[in-house]
Each structure stands twice: as structure tokens, then as C-alpha cells.
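The data blocks that follow each hold one structure.
Both complexes below contain chain A, partnered by chain B and then by chain C.
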Partner chain A sequence: MSFLSLQSNEPGRSVLMTGNEAITRGAIEAGLSYAASYPGSPTSEILANLGRLAKEYNLYAEWSVNEKIAIEEAAAASFAGLRSLCIVKQNGLNVALDSLVSIAISGVKAGMVLVVGDDPGAHSSTNEEDSRLLCKVVHIPIFEPSTPEEAKQMTIAAYELSEKFRLPVTLRCVTRISHASGNVTIGEVQNVNKVAAFAKEDRFVTHIAYHQMQEVKLAKIRQIADTLPFNTYTGPEEAKIIIIASGPSALYAGEAVSTLGLENEVGVLKLGITWPLPEKFLLKYMKQAEKVIFVEEIEPFNEDNVMALAAQHIMEIYPIQFYGQKSGHVAGPKGPGLGEMDPDIVKQSLARVLGIENKVTVVRSSLNLEMPDTPGREMAFCAGCPHRASFWAMKSAVALDGRNGVVLGDIGCYSLALMRTGWSLPKTMHAMGSSAGIANGLGKLERFGFKQPVIAVVGDSTFFHSTIPALVNARYTSATFLLVVLDNETTAMTGHQPHPGMSNNAMGEIVEGIHIEDVVKGLNLPVVIQDPYDIKGSTEAVYRLLQTEGTKVLVLRRACALVAAKASTRPRVYVNQGLCIGDDCGCNRFCSATFTCPATIWDLQKGKAMIDEVVCNRCQVCVSLCPQGAIQVEGGTDFDC
Partner chain B sequence: MEQSLLSLRLKQEVIESGNCTRCGLCVGMCPYIKTLNERIAFIHDCGREDGNCYRICPRTPSDWPELDRQVFGQEREDHILGHYQEVLYARSLDKNIAQGGQYGGVVSSLASYLIDSGESQAAILTKSEDYGPPKPFIARTREEVLSCAGSNYSASPTLSILNDGLRQGLDNLVAVGRPCQILAIRKMQGLTEVPEHNLSARKVNFSIGLFCFWSLETEVYAFLKVKTGEREIKKVDIQVKYAVVTTEEGEVQIPVDEFRDFIRPTCHHCFDPTAEFADVSVGSTEYDPEWNTLIIRSPKGQEVVEKARAAGLLETKPYPTERLPLLRNAVLNKKRRVLDGVANDKGYEYWGLSPAYSKGIEEGGEER
Partner chain C sequence: MTAKALNIIVTGVGGQGNVLASQVIATAAVDSGYYVSVGETFGASQRGGSVTSHIRVSQVKPYGPLISRGDADFILGFEPLETLRTFTVYGNALSQVIMNVRPNYPLGVLLNEDKYPDIPNLTNKLMTQTQKLWVLEATELAVGVGMPVGTNMVMTGAFAGVKFLPIPLKAYETVLKGLFAGEILDLNLEAFRAGVKAVS
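For the complex of A and B:
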């Protein structure tokens, strides 16, 4: 439904949209021409939607190989006079940072907006990171929407600001903005330049001289910040207690104030632009306030900046006391600055600061009565996931090799291997492609007595994203390690986006995919391709490759089970109840308890294994592992187990 | 016997300590133990307190008098060669077999007789390709048996596929194996009070034991390749002073001393070089390459040899009286070395030998 609303040509109509959809619509209304991104939660849907709308709105949308390329492309379009968009998640900003710093120095031409999705609580991330700190380093302004409607409006406003000051502008979202829905009013699509040309007089370069220009730009934006409609104040004009909040935290603050019945005492100051700060606006309310409470997600970014501002104007605003993460008053169950905010946390924090009783909220418990909890699910590979088979094969090969092999993890669905589902095999996990970089290091320590074999594990999308330079380095420096590419023929973790190895692109066009093995062969490195569902063959392949010197690559290729299952006509897998002998087997429930495929479950009544056919994706891997041969395939297996 | 965490004890006392003989029986039985390239490893702790793996292992304590009673109905009188009915020279009368076999082709001959006659459905053997580490193989026909002919000197975990045979519905199997493997089969056959389902050794109805004074590490294959200049190896025969390696371009002789470093340490702990619990044991004569030494141990062994002889597949002749003491001495010396090792505390235990059996060996056994 929402996707259709993105195409609406009815200005003034109010429709339900997620924050990501609202940003998509905002960019379209702003006359976007060029969008580039690398997928990552919480902002993956924006580029996916733009890809589907590309033809209709005469724009180009691309899943780039990585975020650095994506931001460079967005800058390029801007240089050529087209409004552009780059969408990343917090880790993606790290990848893009090197270029972004320079792009901010050189400046841009047409409006260029950078959407950064931060993931407080790391629902779909390996870390909690506050991208605002980096944007401050880059010297670019930051908008922080509190609602989907605001996300759309801010997107449009960001283009205007960007174009006016020839500077990229960041729209910082968090998961609860990107994924939550709200009413958004459709607006007109602006008629802006759609013709690309690199003007003769234009030049975009970096030089120390531009630093001064950046500071001038920021100083001007600082003045404009006070006039923006996104900074609001709600509450008594003479409030002695104010909460300064941004993003969804501003809504939580409002809810906490009203739940505690403090509407007549506490004001909520919502910052829509958090860098540079709307200083006059802030000082106006701080002058009358005695207590200021900061509510924001991840780092004390506003807290630090506002306190610095207060210190500068201390004589005007004294006496005043600040409460927040630094004082320890604003803290969730994990502590200050950890995890997401919610109305309950703000309520507790407010009660703590004011020394009042935190009234119990009853809304939730009545909901709980009506809606039973969903069953708890372990963080695990999906049923039929080829990664489970791959990690079992690697685990087997490392054990058989007997030299205490070191497996290095990376970023993708297979990061789950850190947990029970992958038998906690990886010993390191850092950034995209880091496993190959770390393998480069370990792979040359033989001269210092290092004798353990090394396996770096990356996915197919990660291979293209940032593994290839590591492979070049490995070849150049004769590092000894095995790179295992878990090739499930998609960017699975972020929602099956296409990547350069695939034969389609973000706009649904057919393209010629690049074979991973061709890249490896081009580097003159040995490469082996193997089906991970054949665990015996995969174990042998890993083992054999570990016995060799130098860099080598094993591609374990099998389509993501979730993609494969959609088109699958594979036969039903079942447990032959006559052959399964339950706990008499001695396998200690290998299929359900050790191999832990969610589709293999234990029938407590019968005391035997069974297949949950609703969940099973019919990969048949368990068939080859049951010591009794009790797991069978209707009509026989369709490949050699 | 300590009953707690037997699986963990197997891992620590046998596999990780290097005591594992690589018989392979636990591998096929258990999804947590795997083999590859003649290596055996625990992939994952099964978490069980109990485990048949520990009970059947040839390197965990064995009740030797009880095994004698189980297999032969009585305890042994001869503490050197164990139970036997006859010790003979034997050889195959089938030319194809005699050519392909290591010496007299007795193993191939008996195994193919058992399959052809329908007494057994298949034989558990090893098969090597390009003279690399051999792989366990289930031979169901005479031709398949012949394709496995010839000795390998490394420790192939042959019994790992015994369970495959069980899963494939095979019954009445011939097992050809090293003494440690025959011991494992007998230990599994003798298990009581455990569920019968995966006792694959109970599907073995005839066991042919191979003489084995030591086996070699898998690395020996790479060594042989270097020694033969990467030529294709047809046959390896390790004799008293030299190993004779037959390649396409003739024979290469390698002094036996050069193989010493490849002897598996666990083999120094073995006091059963002639497969005392087999139905028949077969080895070289160390004298006449046309013949094998054949020890007929069980009545079933006697019966099968009789039938093969009657069918004109096998011929036998008495063991030369002057050679028998040489065989006995070689075995006795091996057993004594193990016992001395225990006495000198070389870091290993003697596995459940009763005082009478130990004494029998120390005193040089009873000559018959």
C-alpha cells in the first residue's frame, strides 16, 4: 500500500508511510536525479524504493559496490548539477568517511543529501555508533527527524540548504524513524534541473584554503538554524525545567511529561537541526531554566554541544544544572548512552532528576493481556541456510587438520556464526572485508613461529565491497591463508539486494554479473568452487586447501535458502519415525540440538526427532548427517549426500 | 570403570593424546567424530556422559580373558600367538589374485570366496588410488575385492564405513583389518546392556586379521613420492631390511631404517601384532613371497579355509618347523617391549591385561 502512495500525484493527500518511504518521497519531491547506496539496516528500503520508481521519476538509482563509491557518485551528480542522494548506515558512513571529508571541503553544486541510518541498540548491526560525531568532524549540518512527516520535510529542506551553501547535508535517522509509520502529506514534485553538465567554471578540489570557507559556511548555517521550523518548544514559556531532545526521543520526552502530569512545569525543546546548533533559540530557553535534561540516542552529542554553548554564555544563564548521560540521570537499563530510548526510560529519568515518584504506566500491561508474547527465537541461521553447512564443514576441516586453525569472521548473515548457530567458530569480527585483511597479517607470521592455518570468511557481497584489495595485497605479499567466500548469490542480510555478482540491478535491469572466480583467477590465485550442501566434499575441500602454501580461495556457492525456497519444487524431508531411535541413538539429538536447524525439532511426546515442515526449506543437509539415516527425502535425495 | 563423560575421556585419553590407532569404528558410529586423510578428530563435544565410543575403542581398557571367552569360548593357553587351531603356509590358486595380492593373495582369496559363496554380502576393505592414502571401501563383488588387493602400510580408518554398510542394509560382512581393528569389532560385538541399533560390528560374520607390527603415518606417501621421483607406484613391500617400491619404471629399494620416523607412536603400545581375536590371521612369511602365513583361530575360520581349499581356491602346506620359533620370537619381543614400557613408565597404561596374561608373556608363553 505504502509503495503506491509513494507514486501519488495528489498533493495535499495524507498517507501512511514509514520514515524510509517518507525520505524516498521527500527526495522525489525535491527533484532527485541520482541516488547511490550500499544496503544496511535501517535505511535499506530507500534506495530499493527509488530503484522501483526510477523510470517514473526520471532518476537513476544504484546499489553501489560500497559506500565510498556511492558517496563519490552522489557527489559527481551534484558536481554536474543534479540533485543527488547517498544512503548509508552508520558503519557505511565509516567506509565513506574518507571521501566525505574531502567532498565537504571541495563543496558540491546541486543539492546533495546524505541519509545516515543509526541503529541504537544495534538491532541489525554489529555496533552502536553515533554518526553525528563524524558529521561534526566533516563540518556538515545534521537534521534529525522525529516523525516520518518531518523526515520528508527535512529531506526537502536539506536539499535547499545543501544547494544554498554548496555543502552535503546529513539527515540522521534512527531505526524507530526509518521503520515506524506515520501520516505524511504528499507534496508537489519540484521542477529542478535534470540536465547534467560539468560547468566550465566549476572546480571541486581540496586545499587548506577551503577550511576557512567551511567555517564560514557553518557560521552562516548556525544563524539560519535559529529560523528553521524543525526546532520547536512545547510547554510553559517560563519553564524552570526543560528537556532538550532530538529525533524520536523528543516524542518520548513529550509522552513522559504528560504521563507524569508535568505539562505545567516541564518544557520540551526539540532540536531539528543538531549541528550546527540553533544557539539563540537554545539560549532563550536556557536563560529561564534551572534544570536542563538531555534526552537523545547513543552518544551525548547534543549534551556536549549544548553544555559547551552554555559554558560560553554562563553569565547569561546562571544558575543552571545539566542532567543527562554524563550525570547518569538519563539512562536505560544498560546504563547511560547504551541502547534505545523509550518513554519509560525518559519517565524514570525525569522522576530521578525531579525526585518524584515514577507513576506506573498501565497501558502496556493491558496490551499484554490481549496479545500473548511471540515465541522466543534464537538468533540463528535460517532453516536450510547454506552458511550452517559451510560452518559445519569448516569446523570439521579445522578439527581434522588439528593445527588449531583460526577462522576469521566478517559482516553478513554469517556474522551469526559467532553464536551457537555457527558453533562460535569465528575468532575475530570487525568491519566489511576485515577478515581478509586480518588474514593478510596472520598469514605472514610464520617467521615468528605462527603455525596455525588461517581461514578468512566473507560473503559474496562483502567480497566485492572490500575484500578484493586485501586479496591483491595477499598475492603481492605472499600471505598464506584460505579465503572462503560464502556465495549465496545475493546480499542476503540486508534484504536480498543485488550486487555486482548478480545479473540484475537496483532498477530491475538485466546486467552481466561478475563471477567471483574470474576476479580471483585474474589475480592468478587458485580458486575452487564447491556446493556447501555437500558437507563431506566441502570439508575435504577446506582441508585440502589448508595443506597448501599461499593465498587461495574457496567459493562455497548455494543460493540463499530464503530465495531458493520461493522457487523450490524440492521434495519433502521427513524423519522416518521407525528409524529414529530418539535418545537411544547416542547422537544426543544431533540434528536438533547440535546442528540446530530451526526446522529440525524434537517431539517431546514421542522422544524422537521431527521436521517442522512449515519451516523446512528442504535443503537435505540433515539427511547426510543423521547417524541413523533416519532423515529421509520423499522419493530419495536429489544430490549425493 | 568410571562412567562419567566417557566421550570426553575418549577425546583426551585416546584421540588428543595420540593413542588413537585410527581403526575408524567410532567414526562411522558417531556424528561428532570425523575422519579425513587418515586423521580422526572430534568435531564437537557431544556432551554425553556415556559413550559406546569409549567402550569399543581398542586403546581403552579391554578385558582380555573375557574377550577370549567371547570369541573362542575359553581363555588362552598360548600367550604369544593367542588362540589358534593351525599355523600354515597358504596361497591363492587363482592366478589373478596371486598376481594382484601382496604375497600369496590369501586375504583376497578368502574374501572373494565368502562373497561368491553367499556367506557374506560384502567385505570391508581399503582401496588406494595412485598409491596415496587408501580409502575405506565396501566391496560387494569378487572384482571389487580384487581392486582392493595389495598392502598399504598406513593406518586407514577402514571401519568408519562399517556403519554405512549397516545403513545400506548389508548383513554378514567380512571385515579385513589390522589387529586393533579386529579388537574394536570384538569389543563392539561383546557389548551388553546397550541398545543394539548401531552395533554395526554385529553385522560382521567373518574377520580376517592382518599381521601388523606397526603402521606408518600418512606422510609416508609424500616420502615415497619423493623417493621414487614422483613415479607412479604400483606396489610397496616392506621387507626385513629394505622396502621394495615397484614403479612403472622398475624397483626402488629404500632402507627400512628410513621408515622408522614414520612409525606411528601408538603402534609401540600394541601387544597384538597377529590379530589374536580374528577368525583367521594372515601375514607375510618373511621368507617366501609366494606364500602367506595363515593362522586359523576360530572353528569358523577353520571351516571357511576348508571350504576354500575344497573349492580349489586356496592351497596350504605345513608351516616350516624351523620358521615357527622366528615368528613366535618376533611376537614375543614385541609384547615384551610393550610390557617393559609399562614397567619403565613410558607414559602409557597397559590396557586391562590380567595378571595371568601378563605373566604368560613375561615367561615367554607356553610352547606347544
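For the complex of A and C:
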């Protein structure tokens, strides 16, 4: 939104920024030179913006093939004296973890910041995972912003801390930081080193000898943690009840305290750095407190660490009682540690601990709410999405084949196939590229009597991210399966970022894309390319390939409908209601109820199908599927029906 | 304005452009000197799910990005079912609501499993349970200015027009001028003004 404000040269001005924009701006103000990332919600917008700003601020920004490469590149830039940034989501940290552990051991040189986006409640993830636990394993400090403004300030502070201790520093954001917006104050862009050189005296290696150094660094940072401005305490100085919170939960806690009218009794201690802990700061308030309540997202990370600290100092702080996820007091509707926090959950949890009534602040309307029921809104492939056509073709081919074929799912828009929009076709779904790995396993079980054909489904970006090693393995071990690459020519799920198969990069430069089929041919494996909009051709291709031994690849190539729709001059698709015979057809409303395209709706008045032309992306796939031929294209269809 | 934050919820279905609408409203408020927090849920926004933005405007301090249940002062509903869904959780007797009447059917309705609420009935219920309700044919107004995807600007115009926030129309138009240029700007401004007119 406020892309213009990212380029502001008006220090002191207050502008609206998302957390992701605030981090982008913070990195620029800190004199960032090198940024690398792989897309993932909720943090994708940071690298995208840095790419757009690369020229202006003399920085390099890259969508790397995966997070392991991204973090290695960021470390390399730091080794060479440049401030660097690596941005990942929770699952991305898992991919980068092996390298990150080693980088933390060897140490770095110029400031290196790792932004991790955690997604409590899994708004746009397959799982909810607390990356702080991994950062603790890695032995690196963790900053947790509670507002976009703080996200910007912490980004700058993280560079200073990183450079001082030659250690990567994590900025842990949750969705309600990355995708929230708030007032952010523009600052000056720092003048730091932008010349890269690997110094003669420098060496960055992983060795057991450095473990001791890591512990020394953390011990020093533990002392500095007490002096950081990001740890704050709000409330009566002698409070007997304190809430310890981090991230946006700290704001929810403040709001809950004031809504319940407890400002004179309850204090809120906000942790800005959650590893290592600011111990003196915590002990000061725990000494006078009798009740401590933990509010955080996702795991009881602060809760565990602070309770361990308390145990160590129990004689100084006794008597004290702790409430949180472990005691069951701090919990949303799903239970402790499940789902994201909000002001209502904190209010309710606080009331539970204090044994008071959770007052409802606003008089709800006469709300004898005899309101109509509100049917849920299930996610679905977009109108014209090539994936809907691809999964229909796979479903049809598996049915024709008749051997109870197993379809293996993967990570991307096509994960939605687990739901009804993809007829719940995939039987497994795990991490990026896992479908191909699992297919490697299933594809060699014939010796144990396994007779079902196997289809592994990946997207184009997932193909480059982590599928290629699985294909190499498949070729080497003679696994029998069909890899279907749903190539929509973009990284669609995360907002259409470029990938190595495309002809542009993060900075908008033209590059030579790698063809998926060339990679497959290089492994000497058979590959077929097909347009998924051609349902008949695609079904036949899947069926035919399932009848063969060994590993083979089918690329179903058609641009993402959201990208294509922007440049579309395709002809109008409509229902000829003279030909549609409604519920007399016996097709069971195939176009709307079975094919479930959001653009094919039902005309309740006439009892016939119709197309919502505001929603339709004119793919013509429904045209070939209507048994009556009632769905028509102005000027005729492109495909054989 | 009172010391308490004003709580606004913009709600609709992925693809309707309600995230942009909320950003325009929030930017206009920041540019007019307020503290603003916006909580957005847009991870799967293009994929037919419900998309909701919480906007909190204060003269005093920044608030958290989420509004408590029953605490919405204003609901800007891009779609009837989503308006109802938001109102039943976040609404109260003093809430004001602008609702676009054009339905967007969920999968369960297309599958003939769920029943979409009867819109005249839904409108009546909302009319009796809110402080004020404006019903708009926003999509038709957008089509009328030649930009079917401009529903979000019509709705933004309507929100600006009812003056729930003490912000001049010009502040919103300035934000649009920073976002768009040329013909696209003209179309967006036209859609915005159609929204203003529809509530005046």
C-alpha cells in the first residue's frame, strides 16, 4: 500500500505501513546491501518490496530457489562485510535450519538479520509452528515486535546487535505484525559499508571449539538484554499480579486490563527480546508479584524460560504462582497453545485467573439474535484456475485406470485440492517437495505386493525448490510413479513471485528461465507437456503415462488465471439457458455443484445454470464438461469437446 | 471523537478488493493525524475465503490490530452473508452498517447443501438491530462507471460519504491519487464518487 512511503526522505514523518513494510524500511535505514528469501506468507512482501527498491538504495534482492540457499547467501554477504537479510516463514526456517545452525557456530561479520514469519492459527499455512524454539536451539537472539513501528526499530537494533556479537539475530514476527498496519515514523538511512571483500584474516568455519564462544556471546547478550528499550513495564510499580507478554499479545493484554478495569492492580511486562531473557528486569517485577500470567503465541516459550529462571531464583521471589498454557488458564476456544491470541481470549483468561466476571463491554443489541444462519465459506480454486481442470483430469484418469491410484499432494495453491474444490484427491500432504519423496517410497513397493499407480503432484516453484533431488533419486533407484508438475508459470499461492522457470527476477530484470522439461530430459526421464484446459487431452495423457513402468513427468502448463485474467482478451462464456434443462438433466448441476467453479452459479428463478460474468475468467473448461453443450463461447471454443 | 478507539470492520470475499479499501481508509486516517491499527486476514484471500480487516482509529494511542467481539462501531460489508457473519460476532445495537447487496455464493450453497440467507429478510433483521443501515447496489454502481472490479472504491466512497470518521473526502481522494494514475485513477475516482453520492 504505502510503497511510496518506503522511499520517503522525510525523517520524522508518520506514515501507515504494514509490519512487512516497516521491516523493509528498517533494513533500508540500517544500510542493507544483500537480501535473499523464498516466498511464504506472512512475510513474502518484504523481499518483493526490496526488489522494487534495489536500484534506488544500491542493494541486491533475490528470490532464491529455496531457504537453505537464501540463508547461505545472506551469510556470504555478511562474511564479505555487507549487512544482509534473510526472510523466511516458519516452514522455511525448517528448510534453512541445517545451514543456520552452522552459521551461528562460525559466526558472521557484518550485521545479518533473519526475519521469521510465524503464522499462529495457520491463516495461510499448513501448520502452526513456533520458530522461537528452533532459534533457541541455534543459539541466536530473538526480537519480537508488538507493532509495525517496533518492527522497524527492532530491525535496526538487530543489525547493531548482530554486528557487535558477530551472530545472526532473529526478528520473529507473527501474522498480526507482518500483515497488520500502523503508524511508522520514517528515519534516516544510515551510511554503512557497501564495499564487499573477504578479509585475509577472516575465517568462518563450524567446529566444536566454537561452542564455548557461542555460550559466551549469549551470556553477554543476556546482560545487554536488560538495557534494551523494547522491554517495557506498564502498570503499578508494586503490582501483585503481572502479565508477561510478547508480540501483539502485549497490546491485547493492555487492552484486557483496561477493559476489565484492573489498571490499578495488574501490570503488563512486555518482553521485546525473548531469547536470551532480560533476567534482572524480569526478576525485579517477579520479586513483588504473587501471580504471573503468560500470554504469547504459539508454544509456552516465554512461560518455560521464565519459569526456569524463577526456579533458579525461587528463594528471592517466593511466594509466586504461575498461570498460562501449562496451568490451562490461558487458552482460546481450541485449548492452550492452539490458534492465535486476541483481546477476548486474554480478557477471558485474565478473568479465569482472578476469579472475576468477564464483563461484556458493549451492550449487544436487543440481540435476541434471531438472525439467519450463516453458511461457512470454504476455500476454493479461483474461477478459471488451471488446477481445477488438472485435478479433474487426474480424478478422471485414476477412475478410468481402475487400480485405486494414489495421488500425493504438496505445498502451494494446489494444496486446496485436499478440500472439495479438488475432490479431496490427494492422500498425503507434508512439506515442500514431499510428494515426490513419498512417491519414491511407494514407487518401489511392488516387491511387497503394491499394485496401485502413484501420482505425485508439485507446482512449478516447488519443482525447483526441492523436487529435483527426489527425481534424481527416483531415476537412480528405478521408482515407478508419475510426477505431475502443475506449471502455472508463477509462485501463485504467495502472491505471484518469480522463480527460476520464469524470465524475470525479484528486481524486475529479464533473465533466461530454466525449462522444467529440460531438467527432466537432462535426467534422461520421459516428459510430456499438456494444456490442462484441454480436459480430454490431459485425462488421456495421465491415463497413458500411468500404464508405463519407471519414473515419468507430465507438465500441465497454463498460466495462473489471476495473472492471465489481467491481460485477457478471451471471449465471453455464457449459458444458453434454452439448452440447459436444469435439474431434469441428471447431471446433478455438474457445472456448479460438481465442478464447483465460483463463476458457474445457479439461476434460482429459472432453475437453470448461469455464469457470473464478474467472476468468470473465461477459461472455457466448463464448456467441454456440460453434458448438454449449454455452456457456450462467443465465437466458438478453443478445445475439442 | 472519544478517547476510545473507533472500531471499523471491512468484510467481504477474497477478490473483492476489500484489503485495498481498508488500506485507503487507514491511510486517509493516518494522513489526517490519527493513530491507526489495521489487522488483516488475507493469506488465502484470492481463494474464495472470507476476508476481513479490522481498522482501529484513535486520537490518543495505537491500539492492537484486533477488535473485541461485540465492539465494532462500523461495519463496511462488501457482501451480504459476510456482513451478517461479521455483525453477529462483532456488531452491537449502536453499530452502523453499509452493505453491498450483491451475493457471492459459498461452495456449500453451490453444492445445494446450504441455503443462502434470504436477502430482504436479512436486510430487515439488520435494519432493526443496528443503529443505522445503508443498503447499496455497489457492484452495479461500479459496473455503471465502467469498472466492474471497482466495487471496493464505491464502498470506500460510501464509507467516506457517511462521515463516520471526521475526515474530508479530499483526504481519501489524495490517497487514491497516490495509488493510481491516468485512466485507472479516473475510473477509481469516479467509482469513489459514485459511492459518496449513493449515501448522500
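As a working rule, the second predicted complex is superposed on the first by the 623 of 641 C-alpha atoms of A that agree within 3 Å, B and C clash if a C-alpha of one lies under 4 Å from a C-alpha of the other, contacts with A are read in each partner's own complex, and residues count from 1 in each chain.
The rule is simple: a contact is a pair of C-beta atoms (placed from the backbone, for glycine too) under 8 Å apart; a residue touches a chain by one contact, two chains touch by 3 or more.
On a predicted model such as this, the values are computed, not experimentally measured, just so you know.
Enquirer: Touching A:Thr539, do we find chain B (first), chain C (second), both, or neither?
Expert: Once the two structures are laid over each other on A, A:Thr539 reaches chain B alone.
Enquirer: A:Cys585 in the overlay: touching chain B, chain C, both, or neither? Say first, second, both or neither.
Expert: first
Enquirer: In the superposed arrangement, which partner chain does A:Glu188 touch: chain B (first), chain C (second), both, or neither?
Expert: So A:Glu188 meets neither chain B nor chain C here.
Enquirer: If you stack the two complexes on chain A, which partner ends up touching A:Glu357: first (chain B), second (chain C), both, or neither?
Expert: Neither partner.
Enquirer: First (chain B), second (chain C), both or neither: which does A:Ala380 touch?
Expert: The answer is second: A:Ala380 touches chain C but not chain B.
Enquirer: Should A:Glu238 be classified as contacting the first partner (chain B), the second (chain C), both, or neither?
Expert: neither
Enquirer: If you count the residues of chain A that each partner touches, which comes out higher, chain B or chain C?
Expert: C
Enquirer: If you look only at chain A, which of its residues touch chain C in the complex?
Expert: Result: residues 1-2, 4, 14-16, 18, 41-42, 119, 123-125, 147, 149, 175-176, 179-183, 248, 251-252, 254-255, 259, 342-344, 347, 360-367, 369-382, 413, 416, 420-421, 562, 589, 592-593, 596, 598, 600-602, 614-615 of chain A touch chain C.
Enquirer: Taking the touch rule as given, give the residues of chain B at its contact with chain A in the complex, in rising order.
Expert: Interface residues on chain B, with respect to chain A: 29-32, 34-37, 39-44, 46-48, 50-52, 163, 167, 195, 197-198.
Enquirer: Would you pull the chain A residues touching chain B in the complex into a rising list?
Expert: Within the complex, chain A contacts chain B at residues 392, 395-397, 399-402, 423, 539-540, 543, 581, 584-588, 590, 594, 625-629.
Enquirer: Residue numbers of chain C touching chain A in their complex, please.
Expert: 13, 15, 20, 23, 26-27, 29-31, 35-44, 46-50, 62-71, 81-82, 84-85, 87-88, 91-95, 104-112, 114-118, 121-122, 125, 129-130, 139, 143, 148, 178-179
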